[in-house]
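Here come two complexes built around chain A, the first alongside chain B, the second alongside chain C.
For the complex of A and B:
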């Protein structure tokens, strides 16, 4: 079943999608975070969603882009760019031509530099606010969006952002739906020409497949043989912790409560 | 005073005669008169160092005399020695730095994280590269984090971590998620001192976001995911860096730009020296920008739904628990994620996915409360990275007590019950006041 296209949509959302790379096989695929961004956009009530991609229409990237179409879209706007071009000006122009209220994108690309800078640079260029690491869009009312931001350690924070805005999603956003094959084949990749800016700095850098990072060694800086021996033969030793023996239950509980409060874990 | 050594032949004779009844007193007197506290060594009348081998050493725990030849004085408490070692690190002061290296640490929970320390180590590398023109490391710390932890900065270890200048911005507008206000402060720093390098941790705790905002505003192209640095004379700033790209599948070699977002373990933390950590203040008042992002505060999440590996606060149960209902109630009231030791899981009191330790989950909690867990080595491995460990146990000799920062010896059920009552009571009071 595919979502119906809404005619009376009150909110226009553009999702910036990219061609991902499978971490094991290295094949082109829908980028995980971008697919999550599409899923998030699909979940917003009363919204019309448009997909935008800047890049080439090569043989291997087309199935990856069609993967997004299989999530329930008729068309994807493709701003054609040659290999090694900077996607920023092209995307900024495309967004300027038809400004949406909300732009959703993944946090960083799975190919190329993957610096995660694009949303920030776009926001700077368009003068919009940017919010990173979104888990959900709760509501959009009167040009103000209430968002749920994912924090480390499974925490969530609620934010209010004035639209238009750019938001990025990461792994905490809802998992993307499966791409349906038929709609993906039938969908239309609408190619439009865009301004081309060659990224010269990127071309000048050397790249190679990621080396495994060296594991940090435990370096013992000891002046004397005794210290070195102690460090080598160390067992779990009393780290100067406070031990409360012969206290009443209340005193013990109070000490624990004080520590929990100091650390700020009690809410 | 004249430098003629006055000798007392009688005392010297007594000092030589071990059988003399005054032998010990005279030895002590001679030792002290030589200005050394220890009686095992003193300056003899002829200007020769005399030693008393019988006064060396201390009585060991088994009643056997032990001699410590490391130079550390005899049987002194380890804690005091460790403290003085931190004090005795040479203090490095940089009066007129050639340039500044600005670091914006995350300060999660109000203290420098391991990532922050690595970053400060990297900053020191940049600052100390040229001994003739040394730079100073400037740390920009937003005070809002301190208050989230409820109180002062928990650790004033900035000097030990390698900070020369400290700019602490303590203002309510930096609290919570305030990227625009923080960016404004960083821009003021840029305007006031124009640091040669900006170093920001590439972490989800806020550094990644803030660093990219700064780069976008300053119009610099930053290096993200940097993990290695090498001197390179041909580069503009004299450094070449290796950065991770394309979802950590690519290594990019490039000249180091002004703004760097560095990964964890990008450099060794500072260990050898102490630095001054001199307080700075901004020359002009910060403008208050109109924020388009409003922080409505953290949303309470179900602690049971948080993955154990990334939970912040864990209440862990072990073999010592008899009252399981009381334990579950305590976890609910405290808002803690539940964990368990292997025994509790094997006995069927807790599900397998809650097991902490080498064979279960390696946890990273900030506060870990171990109730009735004796602390098998596999369990202690699993909680290695926890910041604060609290133990409630009956046995004062167990390994968990040794690991714990706070240990309460007593019946776990009663302590938990008392804790629950106190927390409930305080919440009631707060509600009544509000």
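For the complex of A and C:
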């Protein structure tokens, strides 16, 4: 049941995985997006896949990380970080030490900052290209990967990117396989020391539970079934948009302020 | 001449059989160890055979008598044959006894032959078709060679030239008989069932199933816990040698009568499962080879001969075919109809769950919604993924007493995950109304309750089951109550029969658990409920598997319905032969396609009785049966029927009731 060691693999992939948080109960779990990233990596032919996590090894994060091992891995590299440390430098160092050709991540973490910026900052630091929202990795030949990017409304865009590169997965990527308890339990969490950079800004932040954001209602004025279907398939969009060109900074700012007041964001 | 030939033949057959026995035993010993009491087990065989096994066989009177004559005749004839012809002790009564035994066996074999003339489809053909002839060959030849020994024929009858040919022909027939009955028994012929079956009875994995001189055997239906402490052990059964040795022995005991096949709801629905074939596949796997020689009904939709296995090979392949397809294992509803019917006491459900455990815990391959349900159970403690603190929303207006506030109560009402299901909430509200009408001192765990773990366990996820169970046990240990009452037979079974093994030191997990029908029946008996007479139409009752076959409760629901003034129109398959609704064992979650749906067939059974209403006692059964399109009968839980029939106590009781109650009056049911 364990994946056979692929020593002659031509392609090395590292998947960055994080500790997720269940949306209903808040329990630690394998993050959905990161699990999709692992599934995407497993779907690439002739690739050796490594799992990398930078973070603490707290009591509740271990079962969550083992959830990734349960997808058929013997080991997960754990760059240990104390609470409040910035994962970015640690990950960059770990990737620099043994650079893979492809790094796959989820779009954003399920807890912590969850800003979705990590892939971009990492790409900037490493000087690699970044492609977001993948639905599939179609092929890798001669150091060039053919990727399928997911766009809204089921559209797809085929891209070629020179490796090494960082890519993030979209919700349209294949659903992750089930995590099996046996392999998850037997797998090895290989802790390696890494550089620790304290995130000073984070330490000064205050966190509070998120409130539900208001959603723009879709008002459908459709005469025919075709229009109704189009409206149902469309994403909610603001109707009365306005493009301002050749305006001064003050005029622009005033226009924005006016809009915010109209929408009731500012009172 | 026969004087010389007979001992040679008999002892040669016995010698070859001994070799076969050693070979067969070594096949079983490939399995995992499982300690058994050797001498005590062997000593219990006669009783287990004559009482427990025959209790099952006797459901078919003709076959039972046939078997008594044939098997009894054979055992006696074989022993006497060795004494009379093998050792030459023909004197006196022994020879006459042998004549009687072989004659009895012959009569029995005639009935076997009659049954084989137009065998029902559930019977295996192939080598089994020659068995009546072999039985006759043995009994007739033994009868004939014994005639001179008792003096009915002259001593020298088989001498002289013509008789010499006769003797030779008779010996040939005897060789056939001995070949089938003695040699074949040990080398895997149809008679293997007798030899393996006797040892299977002796070393059965659930010894408590059998009666003892002290009393009846206990129902032993709880699954056995998987040891999760050993980090390196493979979890569940991957290859035939991962079964315990006495499970392998049990597979070998199968007599291929197909009673399991006739009762299996998945087989009837055309899903790719046939319990008989599954057991035969395990035998094939144990010995190594292909299933091409199997001569019974195949798995529906799967031709015989495409699967093969070996003792050390996988049972289910990740890709392609091995011994069994995963769909076969996931088709089972764990209704135990096969186990209930099996005259050889084989435990099909244990084997299926053992193999499922491997698929889920090691392969991570629970089909369809299985993975999602298990993830939900891990993350939210309920299969639907609902918020744990929404568990009591259905009872927002009922002001149910919480155990957390009370600390103790006479009855702990276990709600089950039906608390999240709008249909089952109607049942729960009815049950609360009934309990309040009877002035029962009860309390609920509320949001502290978790899924009992039934579905996780039957989907093979023993780790999640044990996690849920241990947390539930810890919660229950905080409170004092006399018994647990639940309207979910699955929770009932798991709490009552499967938690006990998981209790820790200082935290015993032995509970007195009652199904709500049992408890309501007791309330009726105690005169605490008063109902209007029944005015509706015909009613039938569907026995839930986990209430009936798993826990033997057939009477209480019927006595409640009787107390309501309902006269039941029983279905043909009711009681211990009740047909599953298709909702057990996670079958609605794994959802293996068949030609028909199991609940449709069950509603067909209901329709045959002409009943307008089918009473049920299980949230799964309610959901499955109500899901039937164009059903001829309404589905009502017993609690709903009682609640809608409740009435004020007659005058004589009114005073007493008023004194004892300052609780809210019975509440209206939606």
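Methods note: the second predicted complex is superposed on the first by the 209 of 267 C-alpha atoms of A that agree within 3 Å, B and C clash if a C-alpha of one lies under 4 Å from a C-alpha of the other, contacts with A are read in each partner's own complex, and residues count from 1 in each chain.
One rule holds in what follows: a residue touches a chain if its C-beta (ideal position, glycine included) is under 8 Å from a C-beta of that chain, and two chains touch if they have at least 3 such contacts.
Keep in mind that what you see is a predicted model, and the values were worked out from it rather than measured.
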- Query: Should A:185 be classified as contacting the first partner (chain B), the second (chain C), both, or neither?
  - Reply: second
- On chain A, which partner touches more residues: chain B or chain C? B
- Message: Which partner chains sit in contact with A:193 here, chain B, chain C, both or neither? Use first/second/both/neither.
- Response: neither
- Message: Just to be sure I read the superposition right, which of the two partners does A:82 touch: chain B = first, chain C = second, or both, or neither?
- Response: neither
- Task: Considering only the touch criterion stated at the top, classify A:151 as touching first (chain B), second (chain C), both, or neither.
- Result: first
- Query: Counting only touches as set out at the top, which of chain B and chain C does A:71 meet: first, second, both, neither?
  - Reply: second
- Message: By the touch definition above, which chain A residues appear in both interfaces, chain B in one complex and chain C in the other?
- Response: none
- Contact residues on chain C for chain A in the complex? 231-232, 234-235, 318, 360-366, 370-371, 374-375, 378-380, 385-388, 461, 463-464
- Interface with chain A, chain B side, in the complex: residues 68-72, 79, 109-110, 148-151, 154, 176-177, 180, 204-205, 208-209, 212-213, 215-217, 221-222, 224-225, 227, 244-254, 265, 268, 271-272, 292-301, 305-307, 310-313, 334-336, 366-367, 369, 375, 377, 380, 387-390, 392, 396, 399, 401-411, 414-419, 422-423
- Query: For chain A, which residues are in contact with chain C within the complex?
  - Reply: 1, 22, 24-25, 27, 29, 70-72, 177-183, 185-186
- Query: What residues of chain A sit close enough to touch chain B in their complex?
  - Reply: 21, 23, 108-117, 120-121, 123-124, 129-133, 146, 148-149, 151-162, 165, 201, 205-211, 213, 216, 219, 221, 224-227, 236-247, 249-250, 252-257, 259-267
